[in-house]
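Worksheet: the structure to be examined is printed underneath.
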Amino acid sequence: MSRTDIEHLRRRARRHHRASRVAVYLLAVLAALGAAGPFIWAGITAFKENRDLYRRSNNPFLFNLTPTSEHVSYLFNSTDFPTFVWNTLWVGLLVTAITLGLGLPAAYSLARLDRPWSGPMAIAIFFVYLVPPTLLFLSLSRVVVAAGLQDRTWSLVLVYPTITIPVSVWLLMGFLRSIPKDIEEQAMVDGYSRLGAFVRIVVPLMFPGVVAVVVFAFTLTASEFIYALAFVSPSGEKPISTGVPTALVRGDVFFWQSLQAATILVAVPIALIFNLFLERFIAGFTHGAVKG
Amino acid sequence: MTERSLSPPRGSGQGDAVPPQAPAPVDLRVRRRFADRDRLLAWVFLLPSIGYIVALVAIPFFLAIAFSFSDVTAGDPSFDWAGLRNYQNVFDDPVFWRSLRNTIVFTVVSMALIVVLGKVLANILIADFRGKWLVRFLVLLPWTTPVALSTIAWLWLLDSVFSPIDWVLRELGVIEANMYWLGKPDLAIGSVIVVHVWRLVPLAAVIMMAGLVAIPKDVQEAASVDGAGFWRRMFEITIPLTMPIIAVAALFGAILTFTDMAVVYVLTRGGPTNSTQVLASWAFFRGIEGGDVGQGAAIALFLFPLLLAAAIAILRAVRRMDVS
Amino acid sequence: MAVVEVRGLRKVFEGGRARRRRAHGRVNAVDGVDLATAEGEYLVLLGPSGCGKTTLLRTIAGLEQPTDGEVRIGGHVVNELPPRARRVAMVFQSYALYPHKTVRANIVFPLKAQGIDKAEWAAKTEWAAELLGIGALLDRRPRQLSGGERQRVALARALVREPSVFLLDEPLSNLDAKLRASARDELKRFQRRVRTTTIYVTHDQVEAMGLGDRIAVMYAGRIRQLGPPVEVYDDPADTFVATFLGSPPMNLVPRDGVLVGFRPEHLLPEKLVHGDDRLVVPFQVDRVEHLSGDRHLYGTVRGLGAETRVIARLPATVTAAVESGGEHQFAVHADRLRFFDAGSGERTDPVSVRTGS
């Protein structure tokens, strides 16, 4: 190969490299705008005056009048928004705790204790995930009534684990497979019972998986809509996902700015936390779900 | 090497006078208790989950089947056998068939879009660039936001009078009058699909990232050394190797679109004139808002076999790919 | 009194354990094993992978329940006892150090389990760390250690339990070849010092020959031969042991319903084999390999029985010229010959073998 050929190739490679960098940045910005566009715009809308917002010819992406925070303060002072947030928070945490409490031992039993029925049972639990809430809520409402929990936030604590447990068991089994069996057997030889090895060695080593499940279960719980809509009607008992729409949509009247403010206030913290644990979450999928 | 004590140190209280006592070879006091019995433990660990699932999924599931054969309504909760009458009524209603068709169309179209866009997004998100953290955060927003709230944001985006999309199109001179996104059947169907895709692409991307991360680096590098360019690597290595996890992402996308009613409920309430109604929302309107529990159950029951068939097909495909 | 004794031990894995086997049905991982260790002995279980040696070890540790037979430790039947009650210490192939604990916490962990007074932890940890020379590593975490250091930490952790027996499951197989020799030496010296009975599982005959006071060669769930290394090597009980041990393996030449076996190092050029009871055989050499001083000759022998491919190993001290392609007169001492039944592979009585010379 002659020198000019090499020089030519090198130049081409450099050009190619530069083009691909530009493409990556371009696509990244596009993706970010596509995904977050509605939120960015909602962020602007939340601070608009009514006269600014409800005018067809105004540029919807700019403040045509000075921004106002009156709609945000309306959200906090004249609606039950803080209560909704609080409800979502404690329901989410409680459901996550129940999910882990039931899911960790179940995943361990299925992945490690290796009974003949473990495989079929794991598949059965996965299929539970396929039973949609829309199919269950009619009869679950009977269960909720029987438990005396109708119109109480507690009814959600009762039913939400039906959504979170199957997925969590699945994810946790994946994480368990990534922990070498040797380590817990070593603990058993070192003087612990199977239960002791589980509590002292397996659970601490499962920490990344636990984090992934916490984030996933919390997100699922916070997003849930059907059960919350069907089981809880008093405003003070509602979580965010049904509370905000009912408090800020009165018949045909939408309190748009306050709605948008609520959306941003809820969306940003959850996404931040999820992003923080994204790597762990991905690790969970690679370890198990894929190879499982 | 210096001489070291070969017998372990004993408790200080015993002193040197007491000769070291060799410990018994086995500790006979310890019996195999509950905590050592794997068989028992396997059940005990699993039982709470199984119990919970039986009580709150299995029993309600069969109750739902029973409801579909009964005349239970919100006003009259007593259970009377109604035979196939609910199914008869459901089948006679054109809205049911419309919902069934919509459900399938929404699911298939959005699943295809979710997989393709998710794949693209996953590839962007694993690339190295500055500000990646911010981009990831922004991209995750649609999935992590409660679906009711994000759909409301879209409701305003598609407003009949103040839609900023319309504003842009008007400014650009593409349209004269507003589009009425949610007012015309075709546009409403398109809008619902767009919202589904927008909401679920981030999840699919995250799942697929897991697959991309799992591809051994040396395979990629070997292909690079062999002179394979980006597209060739993509179609001959990356996609075949991550096929199982792409299928998992597709499965999640399908389940979440298929069973979702929140988007339709908030965005169009099934309208205009039931043109965006899906099985899930139709069951809700009939069963809860219309009070006809029997019919609602009969409609919702159609979700399960369809979903089961789709899931089994996808999981089979995954397994087959795994073996090869 | 035997420290560990195993009587009529059988372990059957039923179907459902998909990881162990693919086909349906049952697998006899351990198929009737009798074994007893002497006090302070170094017993090596040697066999190819899947021969049941690890299952046997795990059954002794209590990690597997025997299907049949009994395990005794210190004279007590321990079948019903969980691992933690058996006072055994096990070192796994991976060393199974607790990755989230420091070296010190790893060593203390078994003490905690035994309910030993907190005040004694430090002294015992110091003692074990001293003995293995890892005093400087106590605050590190396992991932910061080299392979050899991990082995020492695993041994220290095993040691503080003051076990009546050490069970080691291929502890050297995760080390690279260079480290393996020094780690093996260290293991042997360690055991010489602490004098604790040790059962050592390996598939590597070099480790087995080098470490063991006795070797139990296992195949298909049974012990084929049990004895000191020299005996197992020189007087193999059957063709499996004969060919599994030795590198290259024993040559086997079929002759009238028996197999005539001899080690490659005993097939030497005629003039190097003296005495009357030698057997001279024509050896058609077709390939020569030079391996760390020795020469390995590949070829065919005639006259001893059926024409058979064999290997001869000439030590570095033999300088006689042997080219490939030619036929040479080689010889074996008659007392170096071993005879096996061609059908069962078991040792049989010597038969008279006369060759042309």
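Letters A, B and C mark the chains in the order given here, with residues in each chain numbered from 1 onward.
As a working rule, a contact is a pair of C-beta atoms (placed from the backbone, for glycine too) under 8 Å apart; a residue touches a chain by one contact, two chains touch by 3 or more.
Just so you know, these numbers come straight off a predicted model, no measurement behind them.
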Problem - Of A-B and A-C, pair with higher C-beta contact tally - result: A-B
Fill in the blank from the handout: Computed over C-alpha atoms, the centroid farthest from that of chain B is that of chain C
Handout entry: Computed distance of Cα centres, chain C from chain A, in Å
Key = 53
Handout entry: Distance from the mean Cα position of chain B to that of chain A, given in whole angstrom
Key = 11
Exercise for the section: Send over the residues of chain C in touch with two or more other chains. Expected result: 82, 84
Problem - Two or more partner chains touched - positions in chain A - result: 114-115, 193-194, 196
Exercise for the section: Among the residues of chain B, pick out those that touch two or more other chains and give their numbers. Expected result: 33, 36
Fill in the blank from the handout: So, in the complex, the side of chain C touching chain A is made of residues 14-18, 61-63, 82-84, 88-90, 92-94, 96, 98-100, 109-110, 113-114, 157, 161, 167
Completion exercise
chain B residues touching chain A in their complex are 33-39, 41-46, 48-50, 52-53, 55-57, 59-61, 63-64, 67, 120-121, 124, 127, 129, 131-150, 152-157, 161-162, 164, 167, 198, 201-202, 206-207, 209-211, 213-214, 230, 244-245, 248, 255, 258-259, 261-262, 265-266, 279-280, 283-284, 287-288, 293, 296-297, 300-301, 303-304, 307-308, 311
Problem - Contact footprint of chain C on chain A as seen in their complex - result: 114-116, 119, 180, 182-183, 185-194, 196, 201, 204-205
Fill in the blank from the handout: Seen from chain A, its contact residues with chain B in the complex are 20-21, 24-25, 27-29, 31-32, 34-36, 38-39, 41-42, 45, 53-54, 56, 59-61, 101-103, 105-106, 108-110, 113-115, 118, 121, 125, 127-143, 158-159, 161-162, 165-166, 169, 193-196, 219, 222-223, 225-226, 229-230, 240-242, 244-245, 249, 254, 256, 259-260, 262-263, 266-268, 270-272, 274-275, 278, 281-286, 289-290
